[in-house]
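Working notes, structure below.
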């Protein structure tokens, strides 16, 4: 899945000359810039927090975290400012990958390695390395789980509570979900979009439950909005269905473990991506290799696993 | 204009009016407040569309769908409501709507030049053509409005109460302009409630009453004032000041003003007003009389000095304190300072006292309404239905509602700023009577008026204010109009 | 000019009003005047267009959803949806009537939920009484509103800017307090108290009802409401009539903040959690509901009844959309059209025409 | 009106200027009035507070960032960031000056980017000329603005509601067209044209500069601008002076839409992509910049210079924040405080006091 094999080899050759040491060992002092979307919902909040903490952990890293924003124009300016400030590496979780591609290429051309987190740029030249969650895979996992549970009922009613519809990640998740369901002859009967917030989840779910008097399974894309989803379900006094969460928050894990809620499982979507991004950026900036891999150079792309976790 | 009819939703403003204007004459339009004068001229200027009737211009029937159309015909209008835009400069206001421009780009220098020229001819070269109009006093805005009317190549110029905000000197100036226009063959329609002005400037008169023509094209010389009043009001009104002054009832001053001043506006003034006494402030526009009243009332924060009511000192800059001590102010600009235009009449009347009718914050609208109705009837407010929106009342009736506010409130010190501005002869007499009645009951009245005759007729004592200084204090019986005018001019130009 | 024909007369004085003066009659042409119920805010006439729009939406709901739409349960869902934004909108109605605007209500609500849950989850463990959370939320809301009011009235900052600053600042402050985490309520009494029913109607709906009635009463039947209208209609006239305009403005913004605090309590019970993201963009929804309801943005005229209708229109709209499983982009386009349609309808049928 | 002796000349021309009477001063008291440069919109005085606020921010930037902050490159970053919102704000300045409001500019900009890229990526493959994209964006913006204007002027819907409806609808429409995908520009000439430099200054900054100068000229030196102020300051007086108020309003909203279209072109070149999420909440940023800049929300007074300053204050603020690595929650709180501070400063130094 890597079209730039040549470049990777070049890098690998360069890196091979350097012995791989322990990655935790302090190296040169480096400045890393981080830019992400507005902390409008919990997952982004956790991502930013994670990056921040990771930065604090290393004595040799100064992490500059710019204001989270959903305005791509502003995010572009933040990257431009990082380029001007000549930071050693940049970690970007773009609000919209396509829109930030050009400025990321500028950064790369300026010799600053860019680590692309979660939402992918539209050009492979835009990032030195990319850490992706698997949004499509999330949908597939959730759909497959439902297929397993409801395999014998082909008239089952499946509902989906999506996040912000206009984000590609939501579209990927929904696509995966749809594809997995259609494999076992099911389809999404009712679908609402919330906005990744607790209140949005509550509101969308309350209406959904009214529109669908009988449901067998629900997949909720995001456990942050899941707090609201559960509140609405509890409020409506409904429990004829089971629910699968998404992204996996601590709250939801507790619910699953307790066993007395409609949530049976959640599809994990790691919030540690940005923290990993900072780690990799540090290695790139210090021109070090990855000690934990056999192929010790920092890889081109890392796609994180999105497993279903059950109680 | 023949048989002009204009209906508003809820009111018939004009019900068959005839008006006939000749070139080179000053045609006066008379009528009580609400008779339909402004409505008539707005029909003529294209601002309103008539419900019925026809307009003939130079013998041909025309329709005037927009104000632009009227201007193109050669009809320019100075409206009663100051029709200037505060955010624009004098020159821009003068040429608003017919800007001197090519391709949309303004010719600023030419406009400034022409404006300066117009202002000079209007006797006000000191008004800077580049000044924002919002920073001019009301009289200055009126001049701008006049300059605008003159900037059109008009054959008919309509002036709706142009003298209301002007003082005697300015009125002279206005007349000079009107005469010059007439001599050039321009027709002028002139509306005013001051009958002596009509006598001096008018050629012919049309009288409106209740939206109908009561008399048309009377020659000014042949019509005695008494007859005009009878035509307007339908009965005889003896235009006086409600009888002789009552005079102070007691020697204990009710209102004491001590060394009061407002930096840059007026110098320290000291005087007092006793119960039953009427004190008048005379002076020219811009002399600072309104500011003295407003500072006493606490609407402006005094720089120095103090105000006492019945010996108790008022807190500086606190209107609430003044109102609590039963001081009331009927402000100069009714619309912007006094009225809630979209509220019913009774709520306007009880604006300063509704809390008194309320029990623990709970309104008692029935009591409010009946108190308001009582005053409305006593003042012959027309229409007397206090649930009506006050916006639909004519100017004079709105002024009466302002006075009713303080009658309902009950006040010991009443500050009146231009109480008869824009008020018709009938209502004027009623307001004078009211002031008399109040002094008989022991109210101390302090009033500002630009009509010196009014000050002298109504007040016991007069303070002549010029340029922020009190230049004369004395009993009104010891001084006449000319002396006051001389004092004022001396102060203003000296 | 000597003989006094005293005309005007002061009631209570012993001189009788003079009768010989004929009253000029320019009373309105009765048959042309639209009938108006006293107290324009009560009048159905003013809101008729909106009632029609709401009726049309309900009809649409019934046609597409049948009994399910008309069920009591669905009605309660709609009302519960409407409740939070509804309570906030009541406060905003006062602000807009007074000629101002409050962009901060959504943020302030979020801040209040966070503050209350911080108190209820962390500071004093889980054994505090639920009423402490309740009053904390109210106090935070009112305090933020008070600050708005002081900046506007005494600092003379235009309301748009002052409350915009509060919008930004309160959101940031809420994030700081919560560390951007959603805080789940652990105080047991709270959820059970506010998530219950009374006579088959959820407590939240009761709260909305009570706040709306109280708001109506306050606006139309008290000196406070009268002052609000006066301040909005002509602040200078209100000031010259002796009304303490500044103090009153402070009270109005405090009231709006208080309503946001009440909204926070309802939000807490709806979502069982406090979060800095609660109430995001609620200010726009609230202002839209108020203005669609017929309150003049310029001030001087406000209607609680209209606001409630405005809120309901949006809530029913959303319900009907979900019922019909409409794509969210199509929803947006349709919503835009319906907003304009409702206002045009309202205009057509309202007794008062604006310019 | 029978036999009128037409006087071909201006009537005022023959009035003898009165010389004998000394002139009395009807101009305002000079010593109380702060000195003002002719043409109030030009005047530094009016915006002095804002200039000071901007100066303070720059000083802060220099103290904390030193040369790096003052570098030409950083200046260009600030200007490029300010450019898009800046161009939109110029259009919004006209709307607000006319007494209206436009909430739809952000959405309309998003719609224009999507429409232009749909044309440029799908409909006609990649070989269309870039200017077609350019004019499409402008046309879409202007058309949406025109629709706003017609609904407001002829439908008599209050601007807040009409443009709110457009905000919602345009966003939905953009999502429908794009299928919620971000559309990357494939027309080569477009990006290369607009991402270039001229004399070391990015094209985008040039565009901002040109639009700002044109806006200033339009507002202060043309009949269009003067009429905008008249319509906003006193619509009745404007009507009586013969101005076609409705037609003028339509033009103003069309202009605002056009500016959003220009903003779309700039956004396209910045992001090399069109998306329905572009411009989200830009309306709030634009209104904030305009109002902070000193344009009266109530209409009747507008300043392009102030708007540009307002936009720059926000852009510099963000730049300084990033430079100082401030936590974004703290940033929000500080931003709130700075907004209020800037306005208080501006008030203190501005020549015009509000009530």
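Letters A, B, C and D name the chains as they come in the text, with residue numbers starting at 1 for each one.
To be clear about the criterion, contacts are C-beta pairs under 8 Å (C-beta built on N, C-alpha and C of every residue); 3 or more make two chains touch, one makes a residue touch a chain.
Just so it is clear, the model here is predicted, and its values are computed rather than measured.
*Asks:* Consider the two chain pairs B-C and A-C; indicate the one with the greater count of contacting C-beta pairs.
*Replies:* Comparing A-C with B-C, the pair joined by more C-beta contacts is B-C.
*Asks:* Using CA atom averages as chain centres, what separation in Å is found between chain C and chain D?
*Replies:* 31
*Asks:* Can you work out the whole-Å distance between the CA centroids of chain A and chain B?
*Replies:* The mean C-alpha positions of chain A and chain B differ by 71 Å.
*Asks:* Between chain B and chain C, what's the gap in Å when you average each chain's C-alpha atoms?
*Replies:* Centre-to-centre distance between chain B and chain C: 40 Å.
*Asks:* Hunt down the residues of chain A that sit against at least two other chains at once, touch-wise.
*Replies:* Residues 39, 48, 165 of chain A touch two or more partner chains.
*Asks:* Scan chain D for residues touching two or more other chains and write them down.
*Replies:* If we look for residues of chain D contacting two or more partner chains, we find 175, 180, 327-329, 331.
*Asks:* Send over the residues of chain B in touch with two or more other chains.
*Replies:* There are none in chain B.
*Asks:* What kind of graph do the touching chains make: line, ring, star, complete, other?
*Replies:* The chain contacts form none of line, ring, star or complete graph.
*Asks:* Given the complex with chain A, which residues does chain D contribute to the contact?
*Replies:* My answer: residues 68, 71, 73-74, 77-78, 80-81, 84-85, 175, 180-184, 191, 195, 267, 270-273, 275-278, 280-282, 318-319, 321-323, 325-329, 331.
*Asks:* Quick check on the complex: what are the chain B residues that touch chain C?
*Replies:* 7, 9-12, 32, 34, 210-211, 233-235, 237-244, 297, 299, 319-320, 322-324, 329, 331, 336-343, 347, 351-352, 354-355, 358, 361-363, 365, 374-375, 377-380, 382-385, 387-388, 392, 394, 405, 407, 426, 429-434, 436-438, 440-441, 457
*Asks:* Please output the residues of chain C touching chain B within their complex, sorted ascending.
*Replies:* 1-11, 13, 15, 17, 21-29, 32-34, 38-39, 221-226, 229-230, 233-234, 236-244, 300-301
*Asks:* Which residues of chain D touch chain C in the complex?
*Replies:* 151, 155-158, 160-162, 164-173, 175-176, 180, 235, 284, 287-288, 291-292, 297, 327-337, 339-340, 343-344, 347, 354-355
*Asks:* In their shared complex, at which residues does chain B touch chain D?
*Replies:* 20-24, 45, 47, 56-59, 66-68, 71, 74, 77, 79, 81, 83-88, 92, 96-99, 101, 104-106, 108, 117-118, 120-128, 130-132, 135-137, 139-140, 143, 147-148, 150-157, 169, 173, 176-177, 180-181, 184-187, 264-265, 284-286, 492-493
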